[in-house]
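The data blocks that follow each hold one structure.
First chain A sits with chain B, and in the next complex the same chain sits with chain C.
Take a look at the complex of A and B:
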């Protein structure tokens, strides 16, 4: 802590902050419709409201989409860190809680019903995710205690059930099958400000875990040891689990089920900065956001003017990376 | 808890497969690899008895000893054509997707378009099975191994559709009906061409699906219809089939006319309200339209009607009454 304290402590956070800003600027600057630097500066200074095609592309299409990708990336990464800690299982990702499958069911119902007026798909996905959380939570509750393993099993079970119902709806959906399949693959295509507003719910929940850094560090040594050291283990678990579940529900309801980010980003960050949550959490938050921003940039531009679902991009690059990391762990 | 891992891996793979199947399903009308081979081989006079041989869109010769009397159609388009040619009474079975004409709905069903039951097809003892290309390609060999004659309809443009209708007419002994239908199509097409031929081309975006935005790409009937109706298909730049399409590029290209297939996600009013659409020329000019998908994606005589409707959307000035 003495000599390299600063370097160990804050350098990675400062570095990843720089990366975050750079990725944000790059994501906003590039897209399938190329806008020149002078155009971009003009649109930024003129603000939204201009009906020019270029301004519309920047403010109505690209900006909300990039912001959404960043919030979702941050949410999935932070949820991944929390859940891998609580379950003490490196293979955990935000989707094990069943919240994502519940959200998928809600979104599918929203797609099939064709309700007019508001982004029902997103609203129902959110409802489905939180309802699943309620069921799983009730199942796992033992008086004041939450049984993490019951929670996990209940989550997986509900997840199977929801997936089965989604499959039935999908078979009966006819033409809507496209929308369901694309939703399940995960994408930011066609999302705009209404979805960004819903995603803003995630912001406070991204900040909450930063206040539990000390508890999370101690709990890595086991619940018993943490109790001895005066940590309110049950309260910490409850708050963190709920936080992770809400983050997952928000992320999934605005973007679908985007694979590997919540699994791989926490691992990569742990390899880079170690298990201390004081660094791990902020770096995962900013790094996850930046990574998702870049993945969506690739999804928008790789095969322009057509689009690759971002879930395909993250899985395509995430899977080999994860296998590599697993091999390194063993070595 | 690790058991969730392979399950999700499988899930993702299944999803991709489903997606591919969907693309293939939509592509059945479009990107068939085989070019329409010449009109026919074999016996020249439809009235003459004796074997009838035609070559289908898969490049395979199909021979019947006499005109088919019991026909099972496993493609909605083929069902439609059979009825249009006057051979509806010969159709003894079709799929749950076969919705036109109304009489087709009442026929015994052999399953849906993607998964017709081979058992049910065989049980109907057809002497001819009408099929589509794409995802039904494997089914063909399965049915042929059981001794059935299969005619595959997989054309890639209007001319190919008319050639197929003539061949179906011969196979089912309704060549006169086929000739009439084709003549009618030719008249409609010629009338449209005559009206729009000299007009400047308009940029047309054709939406297949709204969320995510999917366009009609190159190699589709829609692409051919748009060109024939005096338009330039914007979606063609995203590739063949029915590719997803970037909203950014849509706004940049700024089409003159926006056509979407009918569906509750594609009401003209709702389309104009989508984020960013306010700056589109087509929206500002009130030139957002919807069209029934069955008029533009199925290789049937109704394509000519679809062409006429599209032409009226792309060049309304050519259809105003004098």
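Take a look at the complex of A and C:
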């Protein structure tokens, strides 16, 4: 009873907000050149105009990279919550809609054609992701309604198709193969302000689901029950699916395919605060951002100067944590 | 204006007609039960009224407007549903689940309803902080009802709400519904248990293969002939201890196996009558005094009987009518009925059957209960003796 009282309160939201700030500070402080808190405070207050070399590195390299990691983490995590609920399927992650595979195909085409990474690869990735969404969406449309099961199956199918094309391109790519593989693994390495600007597209889409908290709770009972209780189910599905797809497309196009966050963060958060979206969504948003920030920090410091792909880090630390939480819950 | 009005409403699913030109009205404040065999279209009927499905032809009006034209939120303010199955595998608190029902109402406290009051009304105030997934089936059903009541709709639709409930929860649920109905809620409830339907509902609607088979008071709608046509079973209406109730037998065999005449009384023949009919025999009985237990049972089963006035000795007339029935029977059975001066002529009738070389089976205890000596020697003369009904039925089944 005491545990559920805690879990039902707002304490987790406050806690995760603190965690979020702490992770932000830690991510900005540590790196190949670590900063003290006072240095950090000085750089931040002085702004990017400061001519000190340390400030330039901070503002041109570390700040955009950390911001990007936070936005991508939040996006994947929120997209994961939305899709797991809409499909009522715990194995769902943001990549089942096929958007990520489409984005990967777009990026691969960019690499093979030797287009400059920014903006072309990102734009191609975004285009590939949204085009895939269009195809899957059309497949799942029956009269005025979206059939989520068809959507899920069409998404998985088109994922395989896009992955197959990527494989063909990789075989024919020769020297570019390394670049493709590296992109597919997902990383924030070398990303800067142009990517952050693209990632900012995600911000309004992170906020949209917060206006659908009640609808999302009710839809946990299935679409028919939601209709009976007065929810405009088709409108809610359209808005949420589009939101999840755009969040995924943005995340993938700026950072590649980073696994595990979108699958596991929603589950971990559900275990901590329960399935009520009023708390689940904000906690998942902040928690996903914090987790990605820390994972990126680990990726650039663990084996410095070599970078470990951030997707590897998220899986490496996320998997045992998840198993631990599941077991503790069962006990 | 009727709250709900169906006019020739039809619905097909993948080309199969589920509802065929159904018309009826539900007035404000009515308490209506919907019964019918599996697959007769009951759930679809509720889906049409709640506007979740659109009729193929015909119209379904709620407050005079086609049900499927409502915005969902407006519909939820008028019609609430308690679904047949309710799946919620997420670990929400009961309070949160119930609160979802107020989604269709404004946020303001006056109009959005009170979760605690609703739970208290259903006698489950103590469940508010529990997790929904931990509840028993009966508790879940009441929580879903609470969720539906939070909509504060004028009409409540229920789809087999009692299907998964034990008898005490069943009665509690229907008592609650009746109470809510007295407070002004209009109820349209699908259910399977015909005896609950008779007992609780003022008006019953019988669906058969997508068509309206009967509509009216329980007495009108639950006629045995109607039920036999709709369900394909034999139905019997009984009146006992101030209650009307139904019992059922499988549809009788079409090939009749012969005619059995029962000489019985005082309840010694009641169970045999029913069993023999179910085995495929035509059954007659006599002479019985009117209002005797066996006479009442025989009347409910629709038997042809020789009947005498209550508490009167057997008259010539009744005796003659009994002899006529015996003459047409293939077998005569004398149960362990106590024999006194009033019914001694029945033994005479049995002897007549013996003389006419009819097969006669006699219960072993007859001589002991004979106060007159009339039955003396009867056991020895009869074709067969039987100890009890079970033994007899082994031979006749």
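Here, the second predicted complex is superposed on the first by the 296 of 331 C-alpha atoms of A that agree within 3 Å, B and C clash if a C-alpha of one lies under 4 Å from a C-alpha of the other, contacts with A are read in each partner's own complex, and residues count from 1 in each chain.
Here, contacts are C-beta pairs under 8 Å (C-beta built on N, C-alpha and C of every residue); 3 or more make two chains touch, one makes a residue touch a chain.
On a predicted model such as this, the values are computed, not experimentally measured, just so you know.
Asks: For the overlay on chain A, clash or fit between chain B and chain C?
Replies: After superposition on chain A, chain B vs chain C: fit, no clash.
Asks: Between chain B and chain C, whom does A:209 touch in the aligned arrangement: first, second, both, or neither?
Replies: neither
Asks: Contacts for A:307 in the overlay, against chain B (first) and chain C (second): which applies, first, second, both or neither?
Replies: first
Asks: I'd like to know which partner A:217 touches here: chain B for first, chain C for second, both or neither.
Replies: Only chain C; A:217 stays clear of chain B.
Asks: Per the overlay, which chain contacts more chain A residues, chain B or chain C?
Replies: Between chain B and chain C, B touches the greater number of residues in chain A.
Asks: With the two complexes superposed on chain A, say which partner A:128 touches: chain B (first), chain C (second), both, or neither.
Replies: After superposing on A, A:128 lies clear of both chain B and chain C.
Asks: Touch check for A:293: first (chain B), second (chain C), both, or neither?
Replies: Neither partner.
Asks: Report for A:232: first if it touches chain B alone, second if chain C alone, otherwise both or neither.
Replies: second
Asks: Least CA distance chain B-chain C after superposition, rounded to whole Å?
Replies: 18
Asks: Per the definitions at the top, what is the overlap between the chain A residues touching chain B and those touching chain C?
Replies: Looking at chain A, the two contact sets are disjoint.
Asks: Would you pull the chain B residues touching chain A in the complex into a rising list?
Replies: 1-5, 7-8, 11-12, 15-16, 18-19, 22, 209-214, 237-239, 243-252, 254, 263-265, 270, 274-276, 278-279
Asks: Which of the residues in chain A come into contact with chain B in the complex?
Replies: 31-33, 51-57, 60-62, 64, 87, 89, 91-92, 95-96, 114, 116, 121, 152, 156, 159-160, 163, 170, 175, 177-179, 181-182, 184-185, 187, 189-190, 192-193, 259, 300, 303-307, 309, 315
Asks: Can you list the residues on chain C that touch chain A in the complex?
Replies: Its residues touching chain A are 50, 52, 71-77, 80-81, 83, 86-88, 90-93, 96, 100-101, 103-104, 129, 131, 147, 151.
Asks: Could you please specify the touching residues of chain A with respect to chain C in the complex?
Replies: Touch list, chain A to chain C: 1, 4, 8, 214-215, 217-218, 220-222, 224-225, 227-233, 270, 274-276.
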